[in-house]
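One chain, chain A, appears in both complexes that follow, with chain B as partner in the first and chain C in the second.
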Partner chain A sequence: MEKKKTFSMNYYLRYLLFGVVMSLLPVLTNAGVIKTSWLGIIGGTIIYTIAGLGLNLLLGWSGLISLGTAGFMGMGAYISAYVTGDLGLPWELGILLSVVIPLVFGILIGLASLRMEGLYLGIVTLCVSEVLRKTFDELEPVTGGFSGKQAKYPKLLGIFELDQKGTFILLVVIMVLLMMLTYNLANGQLGRALHAMRGSQVAAQAMGVSLLKYRLIAFSLATAYASLSGALYVHFIRFVYPSTWTLPVSLVIMALIVIGGLRSVFGTFIGALIVYAMPDLVLKNIPVIGDINGLSYVLSGVLIILVVLFYPGGVINLFYKLQSLFTGKRSAERAVETAAGVEENRTEEGHE
Partner chain B sequence: MSENNLSMATEEVLRIEHLSINFGGLKAVDDLSFEIRDREIFGLIGPNGAGKTTVFNCITQFYRPTEGRVLFRTKEGRVEDLVGQPVHSIIRKGLVRTFQNVELVNELSVLDNVLVGAHIDFKSSGLAQALRLPGARREEKKMREKAQEVLEFMGIAALQNEVAGGQPYGVRKKVEMARTLMCGPKLIILDEPAAGLNDVETQQLAESIHQVREKYECTVLLVEHDMRLVMNICDRICAISFGKFLACGTPSQIQSDPHVQEAYLGEKEDEA
Partner chain C sequence: MSILLQLLLRSLETGAIYALATLGIIIVFRTNLMINFAQGVMGMFGAYIVTVMFQKVLYAGATASGMAQTPALLLSILAGVVGAILIGFIVDIVIIRRTKKVAGTGKEIITLGMMMIFLGITPMIFGVDPMRLPKVIESGEFSILGANLSYNSLLNIVLGIGLTVLLFVVLQKTKLGLAIRTTASNERTARLMGVPTKWVTLFAWALALVLGTLAGVMIAPSTSVTLNLMDSVQVNAFIACVLGGFQTFYGPVIGAYIIAIANNLLAYYVSSVWGTQILYVLVIIFIVFKPVGLIGKKITKKV
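Our next item is the complex of A and B:
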């Protein structure tokens, strides 16, 4: 009981706990409990989660659509591979550049988005993504063309050479940090401004929300998350091909946030787990059905229909419901908590 | 900006001068002028399609007037012409509005919706918010308490954690009004505040508009179809028809004005 209370009291703790559990996976592979191949799949899930968090800020919170996630992921991947490989610069700089350069493009799209809505924005972002993919094909000196490009596991601060397991833990750490950041942003003034923009543009403006500013912020964040996930991808998979960054990747990321839960941080991860990891971990092991090509797309398609029809809040809401089933007094507990929080705040101010 | 150009009597808060707006060939508002004094409850009335909401949109810069000026005395006491200023900057000057068809974020809680109204008062940077630095956390808590106070004042504090989309219309209207009170407004513009409310709710609304003026020391401009409400609570009224000025004065002056009777109340004497 005592433990449960702290568990629900501090959300940082929740994320940390989640991070610790995830970091245990490599240990479990060492112990032979789970297969080594699982690490790669869960690592991919983490990468998709990071891109999904960005798209969730854009699609979920701000109500703006983008079909260009794959292009920006690829851009991040190639830039980091080029900077660390060809230029021989440190890994950290590679990550930084692979976020900053795509960011410029994200801002440009944000500017364009002021003149476009819905479908048209989707078309334009898709075009940008396709132009980027074609660039990966053609810009051989940088991208290596069709034969792709290699990269190494990260070398932190120029000293610590990571192996696959180390990189996996690095991915977990970055994902957990981003989850916290996203949670904070989404539940503060910025999140409310994005909400307001989605809810009603006129009301948002009347309340002092600059559409230009917040659309730029939304697109910048989505682009930064996507390109960061791409940069992490290239250092985890250690290979990047132009043919990876096509529309299906963008669609899978969109599917995972819809299935997991729009406007939910944990939901994004659960969505990634269902859409990305489940086909490889579970479906492929089922005889006969597992041999069908493209089964994962069928699964995400069916799941989207089911979720949209019967569970618009996403799978994450299933967990909340289960939670409230087990702890019947949850809402009452929460009320006490907030009251305590206010009290605490008062004394805090008293001291100042 | 030269001061003599933007002159306004000291007791005036808002001054509309020769306001006109054309939509294609249609003159929705035609050479309209009126002024609102400090702490006044001012009504704008007119038959359907008279251009009342258009006037609101011209004041709040959702529409750019073709001609004319909208002089406003800001929170800092300066007189500014609002015409041509960005829509999202208007609230910073102390002018805030509600909408005819309640515009709330349905997925957010009542409290969070009210907090949207405090958007411009947040000083901490996005980075400070993302990292939840102590300053940002304190600010958020302070605003939350302020929002709770406002909800308390509107009598809907018990609903603060409910989802706004699930609330009845009357409550949603109150939430929207509460949202306008967060920014410390000087002038609140209410677009048909009584539309869709029953008699009891309308009565409550009249009271709360009065209370808002007293407690928040602000001026209220409203558009309304409910004549009883308008005649009851307004200090002065401006009547328009087809975008043109008809008359301006106290409720009794308006009721006895022949132009208004002809254009508006004409056949339905009993409503006045």
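Our next item is the complex of A and C:
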């Protein structure tokens, strides 16, 4: 069905507009409208969004579970820190290497994933993540061991030395580019193939979708996104410890895509905002309950359970519903799609 | 020879801990068809109950009245087990019963949510300071063929094997075990046959919590009671489940002991630093070649 591209329907413009609004945040801190500490928090949100986009391609679109996100984020972070710090190579090369090397591992896992079903895969990726985390502890010449490793803000093209605000804008630019890329991938042939694979692997194969090819692509993309977000993390936060990259990080990233909305690009960002930024920005400012330890964990946990039980489309669907209230038409291409998703899952369950 | 025996005995102790945690995961998986990622933190929560009961309530009373430490500890463990059963009931009634309609990986994501809730409420209730939990049998050891073994380790080994055997006897010989096995085989048919599957899942969750708590109490003396108490146990228990295969009750237990023994042997004979990584990589390679685990059966999928 050919769609007319009006302004609101043009996704490139939407993402660009979103990027421009986000890049205004540093200006606002200069003007004193918002606190400087917010930049760090929103920057972290962006980093989580990037990793979440990758996992969304995997869990959302292809229905493959992975608990190895944290390991690959850490790997990207350490490689970039090592290449730019110890070897003194340019930042761009650091980013490139920190995506390419984990990619090899991602492809290996993709190959291995062909042999196993759903949850075995989750645990095997958890296994990989644990191996990586233990390696961060022990490989002291590269990772600095338990005392951690430092890195600098990026220096673009060897000329432009960025500060925190510059790095923030760089993060926004990369996130917007990746959002466009993800949108295009998911709505192109790749996305359709992944959809088919999620519905039924046998049916997908019968339709000529190569499981090998698309599983490899899905895993490499997820790994690349995760390691890129790790590399950005180390240049934004400027230090990295091995104890950061444990299972809870993978869980938080999974939580944010479930809460935000599986198979939704903006949903990933909204999920990251709810899970990562809201505890720091909102909860801490509420008197009395803001001081309770672990409240943010409980809140995300409850949200995850509520969303899975009662609102499988995620928080993003609220926005679509609001939108259709205003425009008066049921513009919910998404709602139809999730309904279909539920339907196909039901039939799948019925067969078991 | 004595070193090897020493290593094997120590492996039996860690294996017992892994086996209990693994049984908790597998009993929930078989009856609810969901992998409980919260098993570790549930055990951690139970261990916290025991530790707080002991440190804050019973130990003070015991020292005041001149009572020995061990009865106070045993009472605390009893309190922890009762607490674990109650939490298991709450988890099943409040959350799990509503997940029957959830498809695909949704159930696992719910257990991840539960994991986050437990991670959040533990510091709320019990505070953030690490605590210590003493051994049940404080001191004393004996030697067999040159290998030393403390009485507490012996207790752990016996407890691990004993509980496993007891559970299998219950599963095979009692009516409850029959109900569990029927539910595990096919929940819908079991319900049609008049098996009270609601009670079975209730029992399964309570049992999982109790097993997790006991595993937590067993590992707590060798470290301190913190939020990360069960992290490595949980990872190893999952790997044991995958290694043994999810289709049987006994496969994962065998997997748990294999993991414990291989881990200790690799750490001693190959490399103390890289042993665990080598083991995990070996397990991954094994799974690639035998995706259903040691004892698993291949399930043919209908289109």
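One rule holds in what follows: the second predicted complex is superposed on the first by the 320 of 352 C-alpha atoms of A that agree within 3 Å, B and C clash if a C-alpha of one lies under 4 Å from a C-alpha of the other, contacts with A are read in each partner's own complex, and residues count from 1 in each chain.
As a convention for this text, a residue touches a chain if its C-beta (ideal position, glycine included) is under 8 Å from a C-beta of that chain, and two chains touch if they have at least 3 such contacts.
Note that the coordinates shown come from a computational prediction; the quantities given were computed from them, not determined experimentally.
Participant: Using the superposition on chain A, decide if chain B and chain C clash or fit.
Facilitator: Superposition check on chain A shows chain B and chain C fit without a clash.
Participant: Is A:Val128 touching anything from chain B or chain C once the two structures are fitted on A? First, second, both or neither.
Facilitator: Second partner only.
Participant: Tell me which of chain B and chain C touches more residues of chain A.
Facilitator: Of the two chains, more chain A residues are contacted by C.
Participant: Once the structures are superposed on A, label A:Met254 by its partner contacts, choosing first (chain B), second (chain C), both or neither.
Facilitator: After superposing on A, A:Met254 lies in contact with chain C but is clear of chain B.
Participant: For A:Ile34, is the partner it touches chain B (first), chain C (second), both, or none of the two (neither)?
Facilitator: neither
Participant: Kindly classify A:Tyr297 by the partners it touches after superposition: chain B alone (first), chain C alone (second), both, or neither?
Facilitator: Touch status of A:Tyr297: second partner only.
Participant: Thinking of the overlay built on chain A, is A:Leu309 touched by chain B (first), by chain C (second), by both, or by neither?
Facilitator: second
Participant: Kindly classify A:Ile169 by the partners it touches after superposition: chain B alone (first), chain C alone (second), both, or neither?
Facilitator: Neither partner.
Participant: After lining up the shared chain so the two structures overlap, which partner does A:Leu211 touch, if you call chain B first and chain C second: first, second, both or neither?
Facilitator: Touch partner of A:Leu211: chain B, not chain C.
Participant: Who does A:Leu283 touch here: chain B (first), chain C (second), both, or neither?
Facilitator: A:Leu283 contacts neither chain B nor chain C.
Participant: Would you sort A:Ile101 into first (chain B), second (chain C), both or neither based on which partner it touches?
Facilitator: Touch status of A:Ile101: no partner.
Participant: Upon superposition of the two complexes, what minimum C-alpha distance (Å) separates chain B from chain C?
Facilitator: 7
Participant: With the touch criterion stated at the top, can you tell me which chain A residues are shared between the chain B interface and the chain C interface?
Facilitator: Residues 200, 202-203, 342, 345, 349 of chain A touch both chain B and chain C.
Participant: Using the touch rule from the top, collect the residues of chain C that touch chain A in their complex.
Facilitator: Within the complex, chain C touches chain A at residues 35, 37, 95, 98-99, 102-106, 108-110, 112-124, 128, 231, 235, 238-239, 241-242, 246, 273-274, 276-277, 280-281, 283-284, 287-289, 291, 301-303.
Participant: So in the complex, the part of chain A that touches chain C is made up of which residues?
Facilitator: Counting only chain A, the residues touching chain C are 59, 63, 65, 112, 115-120, 122-124, 126-128, 130-131, 134-135, 138, 200, 202-203, 246-248, 251, 254-255, 258, 292-305, 308-309, 312, 342, 345-346, 348-349, 351.
Participant: Which chain A residues qualify as touching chain B in the complex?
Facilitator: 181, 184-185, 188-190, 192-193, 195-196, 198-200, 202-211, 217, 263, 342, 345, 349
Participant: Along chain B, where are the residues that touch chain A in the complex?
Facilitator: 60, 62, 86-92, 96-97, 99, 103-108, 112, 115-120, 122, 124, 126, 129-132, 136, 138, 140-141, 145, 179, 183
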